[in-house]
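Letters A, B, C, D, E and F mark the chains as written, and numbering starts fresh at 1 in each.
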């Protein structure tokens, strides 16, 4: 029934390749099927101005999509002179999600910037960015720890994300683009390694939904996150 | 226990005053306690270019905050030369929410722009914008119907929104600013008049949350929406 | 003869309602007929950089118009990415006018920002902004004085403004939009409470004018300012 | 008493050199003492969109200042990414002033753009731009007439401008920078060749003014305009 | 003597991997040592407006660098709100170079956009972009030919580029970042497959140079281009 | 054969008029035939931030073109809100070229900004800007030396520039616009007074070129630079 022939609760193949660029403190290329995102983490000595003197650290994210990551070419945001509302919404979400797994006291007054750049898109880019971004963050934090710059581990738990939706009347896990563009309702679910909820965003796209449907999507998401966290563990 | 002395499930006083400006096709000033938002609806003869020739209508929204709507003055976005990521995220949400209650075939190939401008802010401005924006939209659509420009009612249901959160360990309804800035988890819940879900956005701000807590917040929201829809009905 | 049925020297009804927002140090909603402007004054501890170390204070103004304050919707300046030339010209005028009533030594090295946001427009918005802006400024300065932060009153006189023009060949006072858009010549007159001139801007819009006509408009303006200053006194 | 040693009613030496660039339809370099402005007029076949189908023409102006036209270098507006409020205010004024001398029916549905670029500034740049801009406009219109593209002369009268102010307590004509920066009140007076008023802008800069002072400045301006119009006549 | 231990006339290892994204009409990942650039070519049905009705085609290029492609993180240009002068200079160069190998009549009135995005930088990114961009262009043109949309081959020759410079007093081929940042003179040489010159850019960075040195760098470049063209041939 | 009737190796008449504005530390108006550029040099006490504490000076350049410097009017860059890629490329080139003649240690930790504004364009504006910019720079540096602010001369050599190209199959010197727009290949050659090369930029515009042709253009350029340097010497 799904365009890809997957079962309702079947995720796309996941691969996380680390050490993808020689410059970044942490990096990986995450592939969720045909969605490919390059994630890098950069450690900066200084926290943003609003944290000056607080001893607290910060994790932030930026998101971009190469112009031809999609089926038709999108205008380059740098040429357009601004980031779209969609881009800003996504990068705010990634940053917020990653911070939910961070002990900002343990991190100390520094900033880690996670860049997520979509090389090829087939639905679920924001979720792949969060899951892959966490791996880049983990690798960068490992460097901080190895160098003795932090004493206790600032990463308190995994953070991963997956999308689910009602496609052709059925709840399905890990929407690809063909499903995403047709789904009546879809949602992004961000959870920790221990299964705690970090962020839930469900949205009616054409058809409103019930609490019962919401529960079924959440069931799917919880199962999917287990797989994603396992892939993160294997990668780092 | 709440800074305002309200019960856990008690909303702030709601008032919706219509006909607030003489120019707009629909308008109201909605007050949720000390949060005051001026909402206007403008009917435009043309739909956006991507709908040309489809016969479908569109509803979109813009959001703004007067510089001194908040406790300290914010820089005017027009002077800054761009809308913040927050503003764009909110206005995309308002537009998406309102469209969930619209039959775009019945509306016909035209656009209605809903402007939500916050005169005074005390938490929950995006929810008040949706609830008040729906009233402005309703009034504008009434004009279309009275003028015989649409034949069946394009508004298929009410849409209203309320925030809930975990404050001091307790689920509370309709957060004001004092609560919002301290809440461990908060969420925005958008529902229709029939109680169907349109959008759920829950976010851990410092503390992750469980499915059980999510359910309790949703219970509160469902009750709150009933009150809001009643206020909408009284206003139009 | 006037579209509104007013006499040539008759102003529109004036109302000035203070304390309109709970956050601002001073605020009012001024109504000149159907022109409604929300004015707030914000006290900032620091003067602009070019005054650093001079001991002198500064008063500045910003002006905006809600998108649907007018008969047809105007594009939101924040969305357009810049303030129009008209907006900048108006806000520079408001700031200059208000500073003419301020003893900047007595104010001390701080800044007061007056925001004038037009809720509904029917001609004369810049004049209403100046007259209402002065009231907001007065209320904010009163707070400074009550708190003992200034020792002598930095407001040396009232400042108020009114427009006059040649409409259908006759000099008329306080143009509304219907008159303004047809007037051959119009002018904005800013005066102090003592009747001294602060700024005169007369402009031929289609028909040039004579010194004699200029004198008649100034006569009307002087009378109008007396009424406006009385309304300011009643409000504060 | 004046820094330059001039009499109170003495203007600076005026020179208007035409044909300054080979490309423009009309051009001149106007020198008012040490204020030098290069003015060009460009004829465009199309009027702006808002005039489409009306048969009416348009005259507009743009103003700029070379970065080192002044005593200390100003940031290049093209590098800053926007025109300042001052620039926009000035170019709107120039365009409005020149249009006052134009019969837009006779001009026909085309546009003339007058560019005024300040090469060297010593006060009064907006007035010199108007006086010189009129000469460039006259030359461009002459080309239209010679080519038989317009049948009756669209320029119905001269337009020229001069500044006056209260300097050291005395009314003086044609302020240079040293006077302008010290004047308590100054004004810009735009008149036609027949002595009709086009625009009057008087502004208190530190000291308010009386009707009597206003009259004296206008007397000076009327005399100055006679000299400027004579210089325009000699140039074309 | 070279930081990398290479001989003076030794290039870095080259690899060109095609078919890197499923969406683009042509794509490759080119690696010149540690410089990695992702190149895609997009076919657009319409040529730019200035070619309308001419029957001529166009090839243009855009260039970007991921924020952490370099040793320290660069600000994302989309976030900064504009492309730097360097970026614009490079993308203009790439487009100009690729057009030198194109028969624009044979291409017909359509546009091909070549996007070059630097994933990892170690000097010579503009040269790698041209060499890889040509491969993406070749693959896209092949699709046009296979679909019968063009009848004769619009690509008349290969275009490839390499940098050379005077490093530590010696002419060297294919500068990496360590050399580039120290070179007294460096140059970019763009040639066709037949060895004709397309563009030569030599620049003194600290030390001026002689015609004799210029000749030696050109000798090196000619040899390097032979290797690059062979790699292009192997890839397509 | 040349549109202007010049011999293949004949330059246009050169004139360099100094002291063109009273405010700048150095200034000139350079005329290469009908290409006229106003150049000013401004001394700033501070070097750019990246040089803080190094004791090194900096020379930078900005370039602009008046809207009607060309045959048809170009949009004013300040109004467009950004400098074009062409403008940025040119001003980066001018700055780089001038720095090649500067001893930055001798200059000391200050900056000189050279502004080149094209009053009238007929090809070769970037070359005229460099040649004239050097004169303005020389005059400004003379002021520094006279004031004893630098002890040894920071200008180690002349820098001048000329364009050459293949026009109608022949190598020609100093292209004017009619030639430039038709040339198959053109180049800009920047040399010092001693004949050392500073920058060579050759570009195929429609036809690729050979090493032999490159040599012939360089021969022409070397001869042209001798004339330009003589004109610089005569001017200062």
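As a working rule, a residue touches a chain if its C-beta (ideal position, glycine included) is under 8 Å from a C-beta of that chain, and two chains touch if they have at least 3 such contacts.
These figures come from a predicted structure and were not determined experimentally.
Listing every chain that touches chain C and chain F alike gives D. Rounded to a whole number, the gap between the C-alpha centres of chain C and chain E is 59 angstrom.
If you average the CA atoms of chain D and of chain E, the two centres end up 51 Å from each other. Touching two or more other chains at once are residues 81-83 of chain D. Viewed as a contact network, the protein chains form a single closed ring in which every chain touches exactly two others.
Contact ring, oriented from chain B toward chain C: the chain order is B, C, D, F, E, A. Contacts from chain A toward chain E in the complex involve residues 21-24, 27, 34, 38, 40, 42, 44, 62, 64, 66-71, 73, 76-83, 87, 113, 115, 117, 119-121. Residue ranges on chain F touching chain E, taken from their complex, read 82-83, 85-86, 88-89, 91-92, 96, 100, 187, 192, 196-204, 208-211, 214, 218.
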